[in-house]
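In what follows, subunit A forms one complex with subunit B and a second complex with subunit C.
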Partner chain A sequence: MMEIFEEAASGITNRYITDWVNSGKKVIGYTCSFLPPEIFHAAGILPYRLRGITTESMEISDAYYGPYVCTFPKCLLQLAGEKKLSFLSGAVISTGCDAMRRLDECWRKTGEDYPGSIPDFFHYFDVPHKTDPHAIQWFENEIRKLIRKIETDYHVNITEENLKQSISLYNHGRMLLWEIEKQRSLKDAKISGTDAFSIAVAGTVMPREAFNDALEQLLPDLSRQKSNPANGNRRIMVAGSINDDIELIRLIENAGSTVVADNICFGIRSESDQVDMDDEPISALTRHYLSNSVCPRMFGAYRQRFDLLKAKIERAGVEGIILQNIRFCDLHGSENGLFERDFEKMGIPCLRLEREYGPLTETGRMKMRIEAFLERMA
Partner chain B sequence: MSIVAGCDIGSLTAKAVIMENGRIISSALLRSKTNPQLSAEAVMKEALSKTALSMDNIQFFVGTGYGRKNISFVNQAISEIACHGKGARWLIPGARTIIDIGGQDCKAVRLDQDGNVVKFVANDKCASGTGRFLEVMARLLNISIEELGGLSSRSTAPIILSSTCTVWAQADIIKYINSGHKIEDIGAGVNSAMAKRAAILANSVGIEPDVCMTGGVAKNEGVVRDLEKLLGKNIKRTRKADPQIAGAIGAAIFAMEKVNGRSK
Partner chain C sequence: MRPEVYQYNFDWMLWRTLEAASKVADGYDKEYRRMLPYIPYFRGIVEPFINLGDPGIAFFKLIDKYLKNIVSAHEQGKKIVMSTFCFSPTIFYAMDIVPVTLEVLTTLGSVMWKRGATEYMDFCVELGFTETSCSSQRGCLGAYLAGLGEEIDMLVINTAGICDTNANAFAFAKTFMDKPFYSLNYPASLTDPEANQYHRDDFKALIRFLEDQTGKKLDQDRLGKILEEVARQEAIVGEMEELQRLIPNPLPVTYNFLIYGGRFFFSGMPEYTGILEEMVKVVRQNAEKARSGISSGKEKLRAFMFYIDHYALNLQLWDFFDKHDISHIGSILSRSFKDDSPYVKGMEDVAYHIDATNLDTMIDSIAMINSRMPMVRSIRGPYDRPNMWLEESLALAKMYKADCLIYNGTPGCRNTWSNVKLIARDMEKAGYPTHIMYGDAFDDRVESWEATAARLDEFFTVRGLL
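So, the complex of A and B:
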């Protein structure tokens, strides 16, 4: 059963996307976990969380971004320039951080210079950095603007009923993912961190119906399965910058640990929170997606994020935290310093790890640090 | 009686230490070869040649350094962070903060009272702040790496490098050479830039005395003195053994503990 998730998580495209596109249906890529994929689903469009893995060079994207910028948006731009994202009929860029916001301008320019590298539907979706009433109103307007644009450009009607059905389906997926989270955090975990992470990543690029069905089949298998004794493996939580590369988690586990929790964009963050089904759907989506201040892009919510990590540590019996960040990621780079200070004070060992996004070419360097960290905890 | 060995296969040099009952009876240091196995074989051969021993006499081998997992005769591989901590503690028993500058990376390690690693930081994927940086600069100045350390004390007006990026700093150095600056002042500027990078790491782990340095750069007196000024702390020197072989010493001590039943 795991093969379905691994296959979907291991490349920028997968057989579900191929089948979807071959049947004449549309795919829209998006860049940020603050964007509700339910909107696309309600329009009959496959939401696809944009990924940059498998990028081998930066010769296109470096020309637009320069060398001293986070490699994640650069990998996306490189793939777009190489026309490897041509299965997309649309893309929505958000202001996750400054480097991601600039992807909007850089991709538009790349589209002029490399014909065919930008999809027809290209939209900028703004996300406020606060959760006060004015910001909530603003975010709701952004959602309504996006809905109108999809309706106009794709000639569809996103009804309240469709949105409610999509929310219900996504809520069910969140609940199933939370079950996976419970299984991985058991004393003798039933699923490795690498597998749990593969599932979470697959969920961002698979049709939700197929994802939920596959999880429904996997979960009973897991509970019947014998537990994997921890065998002295250290229980690690991985947090920090965006990651969709399962090899990073595998590298950490192969060094002699089990990743029993994570707090990474693409990972399992706060799936126990459900979108309110009793409220009017746009209002419910607005509140759900903006109030989850799990990312340091949100202003003034450090304490909330610290408490989220603390709750995960307690629930999963985490013994050490790997705080990784992509080079030049100012948001996670600085927040990791605060987490390190505060968690070390509580007696929880932390390792700060800087890395590049993309193919794990630095495995030797990272392995040495991870192994030394695990030795320190021994 | 225990005869053990530690091998530290680094990016630039390979080091081996043979210990008998906790005493170093032989050591060797060679330039690393094209693969870790070849480096380890050569450096062990050299160390053994100074004794009447053969590989069969070694009861336990511990490997460390970047190539540690690829040495066939190693019984256990331990990270260089732990080995440098252990080795530094043997060289300077009161050591609590260790600044290790090797060929490929620069690390600061803080130990607790018992010598266990409490915290460490390593530079990230960059040649500046490493032994490689000094090698490149020495080559540019047409002097040996050993000579570079002595330049600081003879300098009257050290240059300031605007960048510690190895590539950009080279351009800076060429500019200073061409504008007629004295080699002492340029060398002192290089050592000072190196010390600044190491000070950032040392401050990040939090400095506890005694402070000591290991790795090849510990032999560069110019860097050590600049670092003392920047940290406001005395850096303990050792005459017990070459600080460049501290990692191999630590590996040999881990091997000895294993043989004596105090495994890590």
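So, the complex of A and C:
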């Protein structure tokens, strides 16, 4: 069963996307976890969380982005320029961070120079950086604008009923993911951190119905499975910058640890990660996706994020934290400094690890640092 | 940080330095000349400002006052707010709050001290803040995080949605110092009704925050007077910036620094109006005589900095321009976009209006002023949308008859480094030779000023501009 998830998580595309596109249906890529994929699903469109893995060079993206910029959006742009994202019929660029929001312009200009590298539907989605009532109103307006644009451009009707069904389906998926999270955090975990992370990543690029079905088949198998004794492995949490590369988690585990929790925007969030089904759907999506101040882009909400990490540490019995950030990601990089200060004070060892996004070109260096960190914990 | 740097408070050192500078011109000229050899580094700032005459001397005195207000704020029962250069201090002055503006204090350190503010920048990194963050905040911020400044009572910014690294620096400081924090947050669009309503609502919430922090209600009369003063100041600046369109440009090269520096420090304070009144007299005289404001009186080239300037020791960028007979016709920091400024013609949507009729109109006005501050105005949305960075830069380049365009920033500026290659390409297509500077406006360890100057020289030579 795990092969399904691993395959989906390991490449830019997968068999589900191929089948989806071959059947004449549309796929829209999006860049940030603050965007509700339920909207696309309600329109009969496959939401696809944009990924930059498998990038082999930056020769296209370096012509548009400057040098002091995070490599994640650069990898996305490179893949777009190489037409490896040509299965997309649309893309939505969110204001996740400055480098990511400028993917809007960089991709449009790449589209002018490399015909066919930009999808027809291209939308800029503005996301507030706080949760005040007037910011909630602004975000709701943005969601409504996006819905109108999808309806107009794709000639579809996103009804309240459709949205409710999509929310219900996604809630169910999140609930199943939480079951996986519980299995990975057991004293003798029944699933490795690499596999749990693969599942979470796969959830962002697979049709949600297929993803839920596969998870429902996997979960009973997992609970029947014999526990995997920890073998003295250190229990690690990975947090920080965006990561969708399961090889990073595998690298950490192969160094002699088990990743029993994570707090990464491709990963599994929390038990309360459910959209309110009783509320009017757009309003419910608005509040859910904005009020989770899980990312340091939400300025001034450090304490909420610290509490979230603390709860994960306590629940999963975490013994050490790897706080990674992509170079030039100041938001996570700086917050990692604060996490290090506060968790070290609590006696929880922390490793701050700056890295580049993309193929693990620095595997040797990172492996050595991780091993040294695990030795320190021992 | 070196132990000896801990020995002196950052704000006191700045204040004492500027206090001394403000008194330099009070004595006889002979005394002043005899004193200069004793300040071998600082004379690089003192001399050009004293040579500017009354405006330069008054500028020193006003910065002295600004700094004295900081170090004595708590003695006077006032609250101190840590804020950012693109937040108009008007509302703080109206509520009797003393601003500590990180970037302008970093700039003071950079231009006055041989070592700049670099030790404080590095101290931020010692505390866990990223070295890749913008140096403009890190300088002053490091000093305050080290406890080398008067205690901060609250933090207020307006860069969420504009500049991540800026907002992130203040968010880090908020957590580190455990102080109350308010962040205005801007949408990608500037002029549509939704954005305007949002600006208004957000600013009203900010006023409630400031009232809570100070325990005082916003004084309507005081705000009205300050806004009227801002209007007077902007009218004078507008006149100077209209005369700046002349060939040759009659503004002395450093005037644009005084104009925007003054706005960031003292917007709404009557003393700033006095400085501007002195400056405009000089500009009018030069204009009447068709004389360039450059020291030689000749203008060979007009350069428009389409982002920020370079604040190496002794303001060497301005000195370089002056020595090469290059007119500095402004940067993104220069123009405020008040509705009666002549350059606003054709860009009326972007402009703000000051209306001191009642509290509501005043709050609208001040919210509009803040939403039109540099950066906040034009790098919020995609750079090629209406009213944004490209359109504004090209309009100003054309209006002010620029011969070339130059980008300078800091490596920490994730926002502009993500699209500067695109805008440079568009500017070249529009016929403007465009140069991208790769140094750091506040930290010449990234690229020495000498290397930066050599690259500027190369640009002017290779493009046949000089």
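FYI, the second predicted complex is superposed on the first by the 376 of 378 C-alpha atoms of A that agree within 3 Å, B and C clash if a C-alpha of one lies under 4 Å from a C-alpha of the other, contacts with A are read in each partner's own complex, and residues count from 1 in each chain.
Convention: contacts are C-beta pairs under 8 Å (C-beta built on N, C-alpha and C of every residue); 3 or more make two chains touch, one makes a residue touch a chain.
Just so it is clear, the model here is predicted, and its values are computed rather than measured.
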Subject >> Which partner reaches more residues of subunit A (counting touched residues only), subunit B or subunit C >> reply: C
**OP:** Check whether A:M368 is in contact with subunit B, with subunit C, with both or with neither, and answer first, second, both or neither.
**Re:** first
Original post:
Touching A:Y65, do we find subunit B (first), subunit C (second), both, or neither?
Top reply: second
Original post:
Which partner does A:K182 reach: the first (subunit B), the second (subunit C), both, or neither?
Top reply: neither
**OP:** Considering only touches as defined above, state whether A:R376 meets subunit B (first), subunit C (second), both or neither.
**Re:** first
Original post:
Is A:R327 contacted by the first partner subunit B, the second partner subunit C, both or neither?
Top reply: both
Subject >> Residues of subunit A at both interfaces, subunit B in one complex, subunit C in the other >> reply: 327, 352
Subject >> Contact footprint of subunit C on subunit A as seen in their complex >> reply: 63-70, 73, 95, 97-99, 101-102, 104-106, 109, 124, 126, 128-130, 132, 134-135, 137-138, 141, 296-297, 299-300, 302-303, 325, 327-328, 330-331, 333-338, 340-341, 352
**OP:** Spell out the part of subunit C that touches subunit A in their complex, as residue ranges.
**Re:** 127-130, 132-133, 160-161, 163-165, 167-172, 174-176, 181, 183, 185, 187-189, 194, 198, 201-202, 205, 381-384, 411-422, 425, 438
Subject >> List of subunit B residues in touch with subunit A within their complex >> reply: 66, 78-82, 105, 116-122, 124-125, 264
Subject >> subunit B-facing residues of subunit A, complex >> reply: 327, 344, 352, 354, 356, 362, 364-365, 368-369, 371-372, 375-376, 378
